Amino acid sequence: MWVCIIIGSDSDAEVMTQACAALDEMGVAYEMKVASAHRSPERTKQVIMDAERDGAGVFIAGAGMAAHLPGVVASFTTKPVIGVPLAGGALQGIDALFAVVQMPPGIPVATVAVGGARNAGILAAQIIALTDESLAARLREQRVSMAEAVAQKSKKVERSTRQ
Amino acid sequence: MWVCIIIGSDSDAEVMTQACAALDEMGVAYEMKVASAHRSPERTKQVIMDAERDGAGVFIAGAGMAAHLPGVVASFTTKPVIGVPLAGGALQGIDALFAVVQMPPGIPVATVAVGGARNAGILAAQIIALTDESLAARLREQRVSMAEAVAQKSKKVERSTRQ
Amino acid sequence: MWVCIIIGSDSDAEVMTQACAALDEMGVAYEMKVASAHRSPERTKQVIMDAERDGAGVFIAGAGMAAHLPGVVASFTTKPVIGVPLAGGALQGIDALFAVVQMPPGIPVATVAVGGARNAGILAAQIIALTDESLAARLREQRVSMAEAVAQKSKKVERSTRQ
Amino acid sequence: MWVCIIIGSDSDAEVMTQACAALDEMGVAYEMKVASAHRSPERTKQVIMDAERDGAGVFIAGAGMAAHLPGVVASFTTKPVIGVPLAGGALQGIDALFAVVQMPPGIPVATVAVGGARNAGILAAQIIALTDESLAARLREQRVSMAEAVAQKSKKVERSTRQ
Amino acid sequence: MWVCIIIGSDSDAEVMTQACAALDEMGVAYEMKVASAHRSPERTKQVIMDAERDGAGVFIAGAGMAAHLPGVVASFTTKPVIGVPLAGGALQGIDALFAVVQMPPGIPVATVAVGGARNAGILAAQIIALTDESLAARLREQRVSMAEAVAQKSKKVERSTRQ
Amino acid sequence: MWVCIIIGSDSDAEVMTQACAALDEMGVAYEMKVASAHRSPERTKQVIMDAERDGAGVFIAGAGMAAHLPGVVASFTTKPVIGVPLAGGALQGIDALFAVVQMPPGIPVATVAVGGARNAGILAAQIIALTDESLAARLREQRVSMAEAVAQKSKKVERSTRQ
Amino acid sequence: MWVCIIIGSDSDAEVMTQACAALDEMGVAYEMKVASAHRSPERTKQVIMDAERDGAGVFIAGAGMAAHLPGVVASFTTKPVIGVPLAGGALQGIDALFAVVQMPPGIPVATVAVGGARNAGILAAQIIALTDESLAARLREQRVSMAEAVAQKSKKVERSTRQ
Amino acid sequence: MWVCIIIGSDSDAEVMTQACAALDEMGVAYEMKVASAHRSPERTKQVIMDAERDGAGVFIAGAGMAAHLPGVVASFTTKPVIGVPLAGGALQGIDALFAVVQMPPGIPVATVAVGGARNAGILAAQIIALTDESLAARLREQRVSMAEAVAQKSKKVERSTRQ
């Protein structure tokens, strides 16, 4: 099972590769393509149909401003769709957040933080790990590493004036 | 030339009929249908294609929450698309406003106020009036009537303590 | 595989049972309990640990105001966690939305709309359907039904003045 | 038929020339002038009156902060008025967006995104294209080009780890 | 010297009469009329010109949504203009607040709270009191009364469990 | 040591008595008075001075709209000041929240949630409990009760379809 | 009659000197001092009392964040008080705007735009001009100059492709 | 009695050392550690338990985005907890503010301004000063110094054109 990552514009590629990085760390296969909900609606549908036919199990879609892409992806598949609202433009991502998360009943989009591409990758891995115990183990190890890193980083900035 | 009005849910029909009323007053033909960008993407595309083939000149689309419908309509036609963000849900229409108006470069949606269905109808009439001088005249008369109504209404609430 | 639904307060039960209803329609097993991130942190951890031990595959957590519950659930499991921000209090859910969706890198919460409990249920079913083809089929049928319902509802409110 | 572009301040000229560029690409004639709704109300009215007398078919007005210019233009004409809210000042354009889009019933302003001058130009072209089939064809071609550009740009950033 | 109160719609009369009440209490003369910035721009200008010719010293203008009226009044006079943003519509007055207060350099509007018609009346009286010592004395007495009322009201709700 | 509760208006008394209730439960003495930062600045200062002289250890101040009262109290004492922003008016408490919490460096106000009077009472008790072990014990017992109540309430709404 | 300008911090001096500049242009006398509502409440009151005794007719107060200064000034005088919310801090001035403009009934603050110090100066001049005909004439001339400047600036950026 | 400062990430250390500086000035002992509510929940609980056992009297917790740390600290102690919402990410701290301050009834967090680490330190000192008269005296002296500094700084920027 692999993850299909769709981004609304090539200018979103830099942020969205954080999702790729998270999937690489977990050893989850993925494919990332550009398809605009507004400028190329036919291509967008085709990318989704092709991905579903070729075994994609989870979709990640990232877009900014009136970010319709995640919702449009969700309208063409019943696979889980993860939406990443992206900052950009005058309203700095709050427009994208509302446009991604406030989906009407029936068609959910699993929304992460504004710019939260890395978490989109981790969430996709968590979903796939339900049927992949070795991946699940890697996720648990990653969590342990994160906790250890917190303790390590704390050492660098700890201060005490207690006697 | 007629106006194709698409609404995302039958629960939006009541507000959106204010657009119909405005068009009726101006003698502009229209058709109103329900088509959801998310729950029925194929139908939405079909309604747009059929309308364009049958001579629709302007589209009006109204939706609430993550209101993708106007943008989706705009992605399938190069005719002018008027978007009506609708209040509803916890965020009371600010989500719909951002999701309708913040379209990316290339695919505009002519957005009116939250709940501004009547103005959507008038704007559609203004667009069609560019090639219909009698409609243009009716719009100018309507404007004169509005100004007179202001003066009439003023009389009811005017107060003065000047000597 | 079943879904563990945790709500921050019994006053949230009414909205959150929409998630139960969605799961019932799909034939997905679930358990719903109250556990407050702030008033009963030990119980919250215990409910999560017990659920994970007993085979829960997906968590849904709903809370209002400074809605920490979904994030706290996510801190104790690497299973997918779906967060439902709930309206309530003076800020009407925007506080809950930010507190649920803006998770830092490393610990994702799959956030749905403010009050979007039904979509949380559907999303959980979509995730489980990745390994349950009959469930996947039911989700596809539900989607077809939704599209048909749009066409049916359209008939009730359609209007036309075209000749 | 030509487009009258009015900007509230010469400091807005740079952003607003994106509307000019869009019209140049489509071969639509236009004229751009500065007229402040607040500092030069008489001039503003005169520019509108002159433009209407000389055959302007669509107005585009851009302004920032308490952006009254589009609404003031709309108060003096029944031609379609496109409003462009501009970022600037501490509130970064949300003030301009509300001041442009939230017009009361009777006097619509077709609002585009904050800073969306390019889309204002395209929307004006779409309106004029209703009576100019060769312009309509150019708009359709532009849309095809946009879709092709998406596919081209995708190639540059596509990544795949599928086997 | 009298106060010219202009309201954008007769539906705003009820709230705006709180300004009249405040002026009545202070014995300041006023006149209240309806004039819409958008539906009756000529009338609006005429009301302002007439008022200025007839000795109005201060203007109060109240409007909702894209509340341009106070700014439009300020564009036609150099007398002080007090703006009252009014709640109404989906955005509940925040749109009106931004549209009234965020005036560009050169043309100020003295803005009071959303719905703050009473304070608009008091502010007008404070301005006129600069050249009317008996009015100034009444304002100071009103302030003393307000302070006494606070002490009186405190008695009704005071609670103590101190021993 | 007792708690001095100051409210900006008698209309705020109902909400603010939730602070009294919390203090009653904990057996902490308090006094509640009305004093407006704007309408009775002298009285406000006097109430603070008197309270400090008479041994008040913590202040709680609640106010709505441009809620200056907590900050004004903090400007006259170096005792801890707890601020309660209150909903009311068109902006529903977000104005009060910003006006209470965004204090400049040097003069803190310990802010609780909009309408969070009960938490203000509990916070005051927590502060006083630092030197009152029996009060500290009561707070710990209250916390245990809260956790038990969560478990009790869970029983009423728990649902399970697990086999 | 002169204008008393009070700023909450010396770091606000740069922005607030735009009010001085506006008053200098109009030949209106003023005095600018720093007095913090929170860090120096006694000094603030003293500055206001001294100013009123020495003939100040209008107050201008500028502050950022929880900007209480204008409201505190208004609590100590019945002269007109103009408030300037200043950007600064994470919330970029929206906090200051709400804290300045949302004054409760009885104590108005004439609020200008965020950072609108220049308009505060002009508004003060407009108020004083009610009893100073030569100042009133200068204000009218300034308005004429502003309108002419708009026409001049337009020439620099005008573009036309009309034939 | 000492203050336990917990920060959610080492990247928050720079801002949060302003709390340390304020405590250093007052001679209050403290200890600062990193513990993430989400990445290291066990460590977070341990740090709190250890601190409480070792005599910490007040907790300060700072975090950004969905800032759960202060609320999580408050869930494990009945000592006063001061929360510092930190700017960062696309929403610039408004997300952190809501996530920190909007705590549900029963578990208060004493919230200071976005980025207000210095005030968190002062507030902690004010709380401890209730049982430390020499600390209380230092706080009063600091307040006097602040007031004097205002007067000194005023001298640098004062301007007057009064004769």
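Note that the chains take the letters A, B, C, D, E, F, G and H in the order they are written out, and that residue 1 is the start of every chain.
As a working rule, a residue touches a chain if its C-beta (ideal position, glycine included) is under 8 Å from a C-beta of that chain, and two chains touch if they have at least 3 such contacts.
Just so you know, these numbers come straight off a predicted model, no measurement behind them.
Trainee: How many degrees of rotation map subunit D onto its copy subunit G on CA atoms, rounded to the nearest 5?
Mentor: 90
Trainee: Repeat of A-H among D-G, A-B or F-H, where over half of the residue-numbered contact pairs coincide, is which pair?
Mentor: D-G
Trainee: List the centre-to-centre spacing of subunit C and subunit D in whole Å, with centres computed as mean CA coordinates.
Mentor: Here the centre of subunit D sits 41 Å away from the centre of subunit C.
Trainee: Measuring from the mean C-alpha position of subunit B to the mean C-alpha position of subunit D, what distance in angstrom results?
Mentor: About 18 Å separates the centre of subunit B from that of subunit D.
Trainee: With centres defined as the mean C-alpha position, give me the subunit B-subunit C separation in Å.
Mentor: Taking the mean C-alpha position of each chain, the two centres sit 34 Å apart.
Trainee: Which residue numbers or ranges of subunit B touch two or more of the other chains?
Mentor: Those would be 9, 36, 39, 65-66, 89, 91-92, 94, 101-104, 106-107, 113-114, 143, 146.
Trainee: What are all the chain pairs that meet the touch criterion?
Mentor: Here the touching pairs of chains are A-B, A-C, A-D, A-H, B-C, B-D, B-E, C-F, C-H, D-E, D-G, E-F, E-G, F-G, F-H, G-H.
Trainee: Please output the residues of subunit B touching subunit E within their complex, sorted ascending.
Mentor: These residues of subunit B touch subunit E: 87, 92-94, 113-115, 143, 146-147, 149-151, 153-154, 156-163.
Trainee: Given the complex with subunit H, which residues does subunit C contribute to the contact?
Mentor: 8-9, 36-39, 41, 45, 64-66, 68, 71-72, 74-76, 89, 91, 94-95, 98-104, 106-107
Trainee: For a test of understanding, state which residues of subunit F touch subunit E in their complex under the given definition.
Mentor: Residues 2, 7, 9-10, 13, 17, 20, 23-24, 29-36, 39-40, 42-43, 54, 65-66, 89-92.
Trainee: Which part of subunit C faces subunit A closely enough to touch in the complex?
Mentor: For subunit C paired with subunit A, touching residues are 1, 57-58, 78-80, 82, 97, 101-114, 116, 118-120, 122-123, 126-131, 136, 139-140, 142-143, 146.
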